[in-house]
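The following pair of complexes shares a single chain, chain A, combined with chain B in the former and chain C in the latter.
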Partner chain A sequence: MKEDLMDIICCPVDKHELELDVEERDDEEIMEGTLTCTECGEVYPIEDGIPNLLPPDMREEAPA
Partner chain B sequence: MSTKTQLAQQLGVVAGFDDPRVDLEQYRTPPDLAAHLVHTADLQGDIEGRTVVDLGTGTGMLALAAVLRGPERVVGLDLDPAPLSTARENEGRVGSTADVEWVLGDATAAPLAPDGPTTVVMNPPFGAQADNEHADRAFLATAAEIADVSYSIHNGGSAAFVEAFAADEGGEVTHAFESEMDLPRQFEFHDADEKTVTVEVFRVAWR
Partner chain C sequence: MTGDRDAGDDPDDGTARPRLAELRETETVYQPAEDSRLLADAVVETVDAGDRLLDVGTGSGYVAARAREAGAHVVGADLNPHACRQAAAAGVPVVRADLTTAFRAGAFDLVAFNPPYLPTAPEAEWADWMERALSGGEDGRAAIEPFLDDTARVLAPGGAAFLLVSTLTDPEAVREYAAARGLSATEVAGESHPFERLLVVRFTSAGD
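Up next is the complex of A and B:
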């Protein structure tokens, strides 16, 4: 994902803003990191450049 | 602007599902239909310079059609990671100059709050399977929440339902057109490899 995606994504549970922590970049692309809800504190991973913003109960079911 | 036919040709390289899930009604949106939908939207001024969101993008067909027409940004959202990987590969194949942002998420609990002019494009599950009747309703509810305008593909005979839903949300169906589409046989039928069905596309102005 690119950083300007932050303008339009939000927490799927309560629709509040997210805080970005970058662990790995490839040019402009954020490859690994986390998105943390500024309201409920839920942490969403960014894996292989794709933010996983599934609601927490659905994330557990996703295949690895 | 490329013609509708040129757009459909560009989309011919978009790969479908390696392992389609019947419960999610996964099948590739035909390139002709995607081109028709996005070309129509473009002529209405609903693509250029806007945020375009493809809800339930699958392998990215509608998102990639949109990105070829000069939007501000395109987001493709799907809850199934495998097709999203294919979508990203498809993005390389169509050779667009702009990027699509792929997001893993549930279209019915969408992690999106765009604040600028926003168009939703989608080919949601029709709810043809017994346990997800009117799955398209939840997708429309998300469109009502995040978009000014949406284009959605439904099975034939959906006009009354879509019009009533839009009216309840303060919106209005402004355009509708019919098309035909071949559905793979795992949906509904068992006696033929595929079946041609009538589908309807609706433009809804939500606000």
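Up next is the complex of A and C:
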């Protein structure tokens, strides 16, 4: 994901802002890291450049 | 998949056949069909350069990519991790998310959604990602209703949501559900097929 995505995403649970922690960057693309809700503290992973903002109760749900 | 695939194949030669990973993504991600094209055409007709568009259930990223060609700033969202990877590979910025729930209030001028809508018996549902991309629950509206619950929140003033609706899912019930949530509906495109008629319905907040 690119950093400007931060302007439009929020915590899916309480809609508060997220704080970005970058672990790996490839030019402008954030490849690995986390997004942490500034209100509830829920941590959402960024893996292979894709932020996973599924609510925690849906995150483990994985057909096939 | 059959057992003949190693006969005479050089295991290092990835060119002769699709790589297994690619094959798997094709089998787990809904590929653009007539419904995708009808929705994309309606969106492209409306979109202005610079509009911010969210493509919900982006799948292969087809509708988002068409809107981007028309000058929109696009983001795709999908539940399915295979779809997220495929849309990202098509150059669409993508978020793994449930409908519009992970996006800020007022963030978009346009939202597009080609939902899973085939009415499906409960026991047949959601066994795999493709089923998930097609099945709309018993009445076909299992994904449409939660979408209509939240879509107005992410629209900027004057914004609009474009939803693909099939006659299989009772468009009048969809319209009533939306009206009860303060959304007014306008049919902007339609196309008849052997077992259904596909519609694109544009929703706006009744106050706009």
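Following the convention adopted for this analysis, the second predicted complex is superposed on the first by the 61 of 64 C-alpha atoms of A that agree within 3 Å, B and C clash if a C-alpha of one lies under 4 Å from a C-alpha of the other, contacts with A are read in each partner's own complex, and residues count from 1 in each chain.
Note that in this section contacts are C-beta pairs under 8 Å (C-beta built on N, C-alpha and C of every residue); 3 or more make two chains touch, one makes a residue touch a chain.
This is a predicted model, so every value here is computed, not measured.
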>> With both complexes superposed on chain A, which partner does A:P12 reach: first (chain B), second (chain C), both or neither?
In response: both
> Does the superposition put A:P55 against chain B (first), chain C (second), both, or neither?
Replying inline: both
> Just chain B (first), just chain C (second), both, or neither: which does A:M31 touch?
Replying inline: neither
> For chain A, which residues belong to both interfaces, chain B and chain C?
Replying inline: 1-2, 5, 7-12, 15, 49-55, 58, 62-63
>> Could you list, by residue number, the parts of chain A that touch chain B in their complex?
In response: 1-2, 4-5, 7-13, 15, 44, 49-55, 58, 62-63
> Considering the complex alone, what residue numbers of chain B touch chain A?
Replying inline: 51, 73, 75, 79, 81-82, 84, 88, 99, 101-106, 109-115
> Which residues of chain C touch chain A in their complex?
Replying inline: 28, 52, 75, 79, 81, 84-85, 88, 93-98, 101-105, 107-108, 126-129, 131-132
>> Per the contact definition, I'd like the list of chain A residues that touch chain C in the complex.
In response: 1-2, 5, 7-12, 15, 48-55, 58, 62-64
